[in-house]
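Notes for the one structure printed next.
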Amino acid sequence: MALTREQIAMRVAREFKDGDYVNLGIGIPTLAANYVPDDISVMLQSENGLLGMGRYPTEAELDADMINAGKETVTAITGASIFSSAESFAMIRGGHVDFTVLGAFEVDVNGNIASWMIPKKLIKGMGGAMDLVAGAKNIIVTMTHADKHGNSKLLQECTLPLTGVNCITRIITDLAVLAVKDGAFHLTERAPGVSVDEIREKTAGKLVVPDSVPEMKL
Amino acid sequence: MAGFDKVVQSYEQAMAGLSDGMTVIAGGFGLCGIPEGLIAQIKTMGTKDLTFVSNNCGVDDFGLGILLEDKQVKKMISSYVGENALFEQQMLSGELEVELTPQGTLAEKMRAGGAGIPAFYTATGYGTPVGEGKEVKEFNGRPYILEESITGDFAIVRAWKADRYGNCIYRHTAQNFNPMAATAGKITVVEVEEIVEPGELDPAHIHTPGIYVNRVIKGTFEKRIERRVVSK
Amino acid sequence: MAGFDKVVQSYEQAMAGLSDGMTVIAGGFGLCGIPEGLIAQIKTMGTKDLTFVSNNCGVDDFGLGILLEDKQVKKMISSYVGENALFEQQMLSGELEVELTPQGTLAEKMRAGGAGIPAFYTATGYGTPVGEGKEVKEFNGRPYILEESITGDFAIVRAWKADRYGNCIYRHTAQNFNPMAATAGKITVVEVEEIVEPGELDPAHIHTPGIYVNRVIKGTFEKRIERRVVSK
Amino acid sequence: MALTREQIAMRVAREFKDGDYVNLGIGIPTLAANYVPDDISVMLQSENGLLGMGRYPTEAELDADMINAGKETVTAITGASIFSSAESFAMIRGGHVDFTVLGAFEVDVNGNIASWMIPKKLIKGMGGAMDLVAGAKNIIVTMTHADKHGNSKLLQECTLPLTGVNCITRIITDLAVLAVKDGAFHLTERAPGVSVDEIREKTAGKLVVPDSVPEMKL
């Protein structure tokens, strides 16, 4: 069965290693913070200028001057640091953030990603997404494999305005985990109970399927 | 040290010299760390055809959003403008010109402007609409685009504390774009929660040295929360 | 948070991995704010053919100068090297390659290296030997030269206090090049006067966030004064 | 009579306005800080990362971590700020320092300056001088009008490797104050008792002399 949002987040969290600095986008990526295994720690970077983002505040802790990149009120962990936007993106652009997890509208076989604009429909801006995909060492895209009309989001070539080129190497969807390399999606894991055929059917771009595709561990 | 006393007593003095068609760089991220009183003063002044450089444009009735009501903004250079219905309407009708700029590139453009660096290369935006028409150059086999710096006729900044010499510190994540904005204005105006005497701020921990600051005014702030989320 | 504990117990661990031919970025201005113990460790290791990026090269018997004795330095990228007789001798004999770089350009090259900016334009050095062979471009009618960023295999840094996560603060003007150096090393090693627990440093006043730092070691420092001048 | 070093410094100090941020090079420029008129204040920037440089320390105040750009021990005034070299040169390069005063080997009629290198003789490096001449709003060069062999330092064209081009607009020597513009030195003041003829004789580059040249006030 297709994974829930929480299950995608659980699978994402299994990618992290102890000591990773991680930037999580809005939505499913943010949920991944809830599923970091007990035996490791990651430190969350929020691109508005906070390294060591903590949980949401209690009513008593609420502070308008303490927000995350999604503009939500947050707290800082012990040992956090707070800095300017220029410093924050120096970290990101300079490759010091180990992992970025973000959503997307489309990804293609060349690792291009479209995530910020649907012409004539949605023009809110790219925020920090273009910097993040250009700067992070490892990027994971999380999204549903297909849109609500059943159209694949894993394409031979993106159709929407791009966020970045040749930058996506790993995708975790509700159906599968895929590596992006050599001009193809390489299926590495499938969601429990999801068949390779279903994944093949919902993947519009070139898909490489090995002889055996294990089920994800969550 | 009278020549270094940057404190002004009124918002009129704080924004004196702002005129139609100028470029204003504004600190703040969402509604966090915005110079509320300076924005209100610009609304009061009714200055028109302004270009604003700011990560966001507030919301409909707060932050830079209030300057849309009387169509004071000609152009907006921002990374994210999705919180504002009036903004979208003026943008789609063509009344408002918008230059969407990646957030890190925007921060760096302000810093470069203040630091006398006219342009820099970044990988951000290469191969996307942001890179269109920009110079491309390869370094170590990777393509980068050339981005030019930004300076403003005015910079409006919100700080936590400033001393009379204009040395500023920021509070928590209300820092965001404010330190870069402060460096990039021909006239930099800082609205603060508290004015202190020189020597009260630790010299090693001043975020914005007073050399960048022309005027300091004590403000009072609503500090509206854009997305109030609490732990369950 | 074991994965974020950057503290190492010995200088051997601190400089493990340094090998012949590597590039090392070093903080410090003159003898102020230099990582004395890390430099001594490099001397002990006897690593050769090193390129150092540092504003100065110490004096004959202190600072990076001590690495000249056994000819460990192949190349020096600095803004000012006038305090060191052995340096001059090796430079004139051609044993030591020297790339003189304006001080502000050097600081910005390190910052750019750490910030993922491969190159930037500056007016500094245009029309001088520093500008020779470099790309020139005009912005607003003024010519600027293109300067490329610098990164190192190692960065060696001296801080005042660091916590276990590598968050650092610097003391007085011992800050100088250290924050930029810290960002620009593939492996950044910080030698500190005091190690504190996470939370002891104010998050808003950390000069170097721990994300840039790989190893922290507690050192002891001679802190030699280069030019002792006192008020009469 | 030719001015002493102290007198040159006194004349330099008369250029400052209340509220100026000033960077003073090593030598005569540094002396100017001693002659700032009582009714104005300037704030000294030292390019190693100090805005608000104070006097030299007492024995009790001596601190190896507190030095100026000349590597001398110093103090900071109340209200000073201390920062990184990148921030320091952002101030300089960005034109936020109002005045830079520095020495030179040669200046020419096009405002070019040579101050850092004598090939095969003196190769110490440019330090911050190239950044300072490229960045400051107003630059004053202080030097003796001629070298000890009597050779003019005010040339039609510099002969030594340059520090900066088209950047010097004002020169204060032991003999005169000169503006540099339109391809010539323009004599504006002469040292008390120094004749225009002596200045003319010791100025190798094109010199424009107005009908009347007042004596300097010190």
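A, B, C and D label the chains in the order they appear, each numbered from 1.
Just so we're on the same page, a contact is a pair of C-beta atoms (placed from the backbone, for glycine too) under 8 Å apart; a residue touches a chain by one contact, two chains touch by 3 or more.
Keep in mind that what you see is a predicted model, and the values were worked out from it rather than measured.
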{"item": "Comparison of A-B and B-D (more C-beta pairs in contact)", "value": "A-B"}
{"item": "Distance from subunit D to subunit A - Cα centre to Cα centre, in angstrom", "value": "55"}
{"item": "Computed distance of Cα centres, subunit D from subunit B, in Å", "value": "35"}
{"item": "Inter-chain centre distance, subunit B versus subunit C - centres from mean C-alpha coordinates, in Å", "value": "32"}
{"item": "Whole-Å separation of chain centres (CA-atom averages), subunit A against subunit B", "value": "29"}
{"item": "Per-residue multi-chain contacts in subunit C, two or more chains", "value": "108, 111, 115-117, 122-123, 171-172, 175, 204"}
{"item": "Residue numbers of subunit D (touch at least two other chains)", "value": "76, 82-83, 89, 92-93, 134-135"}
{"item": "Graph class of chain-chain contacts, one of line, ring, star, complete, other", "value": "other"}
{"item": "Pairs of chains satisfying the touch condition", "value": "A-B, A-C, B-C, B-D, C-D"}
{"item": "Of subunit D, residues touching subunit B in the complex", "value": "17-21, 40-43, 45, 51-52, 76, 78-83, 87, 89-97, 134-135"}
{"item": "Footprint of subunit A on subunit B - complex, ascending", "value": "29-33, 55, 78-83, 88, 91, 98, 100, 102-108, 110-111, 122-130, 171-180, 207, 223-231"}
{"item": "Residue numbers on subunit D that touch subunit C, as the complex places them", "value": "46-50, 55-59, 62-68, 70-74, 76, 82-86, 88-89, 92-93, 112, 117, 123-131, 134-135, 161-166"}
{"item": "Residues of subunit C touching subunit B in the complex", "value": "108, 112, 115-123, 137, 139-140, 142, 144, 148, 169-172, 175, 202, 204-205"}
{"item": "Contact footprint of subunit A on subunit C as seen in their complex", "value": "1-4, 111, 113-117, 163-165, 167, 183, 198-199, 203-204, 206, 209-212"}
